[in-house]
Amino acid sequence: MDYAISIFVNGIVQGSIYALMALGYSVIVGITGLVTFTHGEVIMMGAFASFYVFELFGNNILIGAVGSFIVCGILGIIIYKVCYERFLAAPRHIALICTIGASMMIKNLAQIVFGPNQKPMMGIVKNQLVKIGPVQLSVLQLVILAIVLILALGLSLFFSKTKYGVAMRAVSQDKTAASLMGLNVNANVLLGNIIGCGLAGVAGMLISVYYQAFQATMGGPLGMKAFSASVLGGLTDSRFAALGGLFLGIIENFGIAVSSASFRDIFAFIFLILILILKPQGFSKKGGIKL
Amino acid sequence: MSALLIAKNVSKHFGGLKAVDGVDMTIQEGDIFGIIGPNGAGKTTFFNICSGVYKPTHGEITFDDHSLVGQKPEQIARLGMARTFQNIRLFKYMSVLDNIFIGFQTKTRTELTDAILHTATYKDDERLIREEGLKVLDSLGLLPFKDTKAGNLSYGMQRKVEIARALALGPKLLLLDEPAAGMNQQEKQELMRFVIDLNKKGYTIALIEHDMRFVMNSCNRILVLNFGQKICEGTPEEVREDKGVNEAYFGKGLLVGRKAVAV
Amino acid sequence: MTQKLKAWFMGLPKALRILIAALLIVLVLLVPRFLTSSYIMGIVCRILLYCTLAGSLNVINGYTGQFSIGHAGFFAVGCYTTAVLSSHYGWNFWFTLPIAGILTAIIGLLVALPTFRMTGIYLSIVTLGFSEIIRLVALNWTGLTGGPLGIKGIPAPQFLGMNVRRAGDYYYIFLLFAVLFLLITARVLKSRIGRAWMSIREDQQAAQSLGVELVKYKAMNFAYGAFWAGLAGAIYAPYINYVDSNTFTLDEGFNILSMAIIGGMGTLGGPVLGSFVVNILNELLRPVSAYRLVVYGLLIVVMMWIRPQGLIGASDSMLANNRTGLDLLERLGFKKRKTA
């Protein structure tokens, strides 16, 4: 029973990181109206960015989070310029193929610059255990949960309470109407991409700190998991995307407990196929970002 | 004349919006049936329900004694209902002739093995689409344009090509969604004559139109919609006199003689 | 440009055309005599293999406008099928081929079927995931696939009593299948089926209104593409003689995709050119091989910016459009239309 609980806890923590990835993904898809293939690579770059931030500024997870958010936000600007800016009004497959090309470039440049091998991430948080009721958590796990929760809440407040967030939601629902209302569609799409990529960056840091390892090739499966989780929300509903991330984490951890760690990614795929068969449109009816 | 398309109490709700609300309609074989109403009345939505693009929230539709509810557009096309679209959905990058060829999809039977082995079925099909395709184009005066990229034609021409493509289906019922949109007076006259001609050749036609003269002079029966509801269904004279119709178009006010006067 | 070439050729007198065609055929058949270096022949063989492989992807992506990106998975299924059947069970190479093709088609279809009624991106992700899963399964199912050690010692195909092993001989097998693929696909494309496929690519809703059954034709198209990819994998197995999961990574899938996108989609010649360009670039970039995929990624982006249909892709299709047309989103099935 304890074992089951610890798997569950691990699943929730891992799931929360997936949730963060999915949040970023659904924001990007919601605001650009386009699906992207670059998300996994941005997550990977977040991991690398945080490593160097830790090297330069010390082992502080908050600084790491800020650093990876900024670096990936900048990456988001670049991706926007290359893949989205020119093609917002073009057939959707054009931007999509661009993001594939961009992801190829990012992934392979990373492999060239950083080498393809797995690298160890330093221990950032003390290795301490905390007991909450019947459950035993490490400080790291608590920190991860806290960071994801804060970011998710922050995102929600941003979209519901701030002028910029509301503008973004408008743009995500109907670009033409939004531009008629005087909103700068391009600027909002850019902002949305920055936020989505920034969140992905933080997720990259969290996952590499959690597993104490990161690798230039880690992006592919992670991007797919972000997508799979987002499918639960019809790709644009961030609430269900986050929920999907949590479910995915739990399913994955129970799955590998009964089979083997090398099957981890297969469970994400099964999760995806199941949703596609049972509830393909996800749980979101209307378009646009929902938070 | 038998009833070809019968709609009973058809509704389509988009969440809280009742785009179509309890509409009854009967189109008889041989009709030129007009559907009119102010903008946003639900006319195209109704068409979309008939052709299978939308599933009705409530109601029943039968076409040629087949129930249409739940059928996919391609199945309904196979039953013999062809349509054109409000914003002209031609295959813009293909030639006019290639557009027409696809119209013969339901009249041909080539499958994978036929195509690979060039069986008799394949040869017959290819011959059929060429012969019949050129015939259809000729009947509309489009033969000189057969190799032109469809997107390069004038708007009025594109309309004709779209209709020609729909005719290739050999449809029992032809739905035209605002066929005269974007046309000048002369083009509209031509189109009207063409529609009446088609009808004489045996096609049953239903059309959505805003141009009153067009509708009144070509249709033998008219359905009037407003806010998704049926206001009136009848002959052009009946519709012209109907109080509800006049109110819908001109607003509530005094009816002086035959003209409504705003109060 | 290819149109002009075709027009010029057809304008020549019949005897001249036959002569030119016969000359070309003889030249092609004698290639191994001229190019005796096994290194060069190896490249030629790769080019021919990818004509079929990228071509099969192009059938899916370029003709129905679907977007499959996990082609390495189909390549793998076909390759392993022949490898297992001929080295574990002693089957004759030629008999494994139809099995490999059909099995790949069936598996591909099962994977893609749930996505046909949905917007296009789901197919892309599913094929991507499928490709990775196949690789993982191959890596872990040691009983069937030899796991990380792979399958070795695949018997060489027999033809006219001879073992076909060297590049110079295997050339003919690759050539045969590339030609078969092109001829058969040309016939399918110039028929009611090809027309139905292209109508789905150009405007799905209009196609439906004309009676084109979406699911049937998308499924047929996908299965057809998967079949040939499986077949390509099958003929590849004895050639490399050592099949392991490392051949079938996501990168390989992107390699194939690059050929289709760069060479051109929506035409038969596009993937052929793409195969030439990418495989030759692969060799030229060997000293900096880590940069290969960076270069292809860049080329893909550049293509989308200036010529989205690819070098010799279909300029007379929606593939060539990278400018306007929000309503094209609906034609692709990437967005459902709401009219009131």
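Labels A, B and C are assigned to the chains in the order they are written; within every chain, residues are numbered from 1.
Operating definition for what follows: contacts are C-beta pairs under 8 Å (C-beta built on N, C-alpha and C of every residue); 3 or more make two chains touch, one makes a residue touch a chain.
Worth saying up front: this structure is predicted, and the values here are computed from it rather than measured.
Colleague: How many steps does it take, at the fewest, to get from chain A to chain B if each step moves to a chain that touches the one before?
Modeller: The distance in steps between these two chains is 2.
Colleague: Please identify the chain with the largest separation between its CA centroid and the CA centroid of chain A.
Modeller: B
Colleague: Pick the chain whose C-alpha centre of mass, unweighted, sits closest to the average of all protein C-alpha coordinates shown.
Modeller: That would be chain C.
Colleague: Take the average of all CA coordinates in chain A, do the same for chain B, and state the distance between these two points in whole angstrom.
Modeller: Computed from C-alpha means, the inter-chain centre distance equals 47 Å.
Colleague: Averaging only over C-alpha atoms, locate the centres of chain B and chain C and give their separation in whole Å.
Modeller: 41
Colleague: Need the CA-centroid distance for the pair chain A / chain C, whole Å please.
Modeller: Once rounded, the distance between the two centres reads 32 Å.
Colleague: Give me the residue numbers in chain B that touch at least two other chains, ranges are fine.
Modeller: none
Colleague: Scan chain C for residues touching two or more other chains and write them down.
Modeller: Answer for chain C, listing residues that touch two or more other chains: 318, 321, 331.
Colleague: In their complex, what parts of chain C are in touch with chain B?
Modeller: Interface residues on the chain C side: 184, 187-188, 190-196, 198-199, 202-203, 205-214, 220, 224, 316-318, 320-321, 327, 331, 338-340.
Colleague: Mind listing the chain A positions that touch chain C in their complex?
Modeller: 33, 35, 82-83, 86-87, 89-98, 100-105, 107-109, 111-112, 220-221, 224, 227-228, 231, 235, 260, 262-263, 265-266, 268-269, 272-273, 276-277, 280-281
Colleague: Please output the residues of chain C touching chain A within their complex, sorted ascending.
Modeller: 65, 67, 69, 114-115, 117-118, 120-122, 124-126, 128-130, 132-133, 136-137, 139-140, 250, 254, 257, 261, 290-294, 296-301, 303-305, 308, 318, 321-326, 328-329, 331-332, 334-335
Colleague: Within the complex, which stretch of chain B touches chain C?
Modeller: Touching chain C: residues 14, 17, 19, 40, 42, 44-45, 48, 51-53, 72-75, 77-78, 82-83, 85-87, 89-94, 98, 101-103, 105-106, 108-112, 114-116, 118, 122, 125-126, 149, 165-166, 168-169 of chain B.
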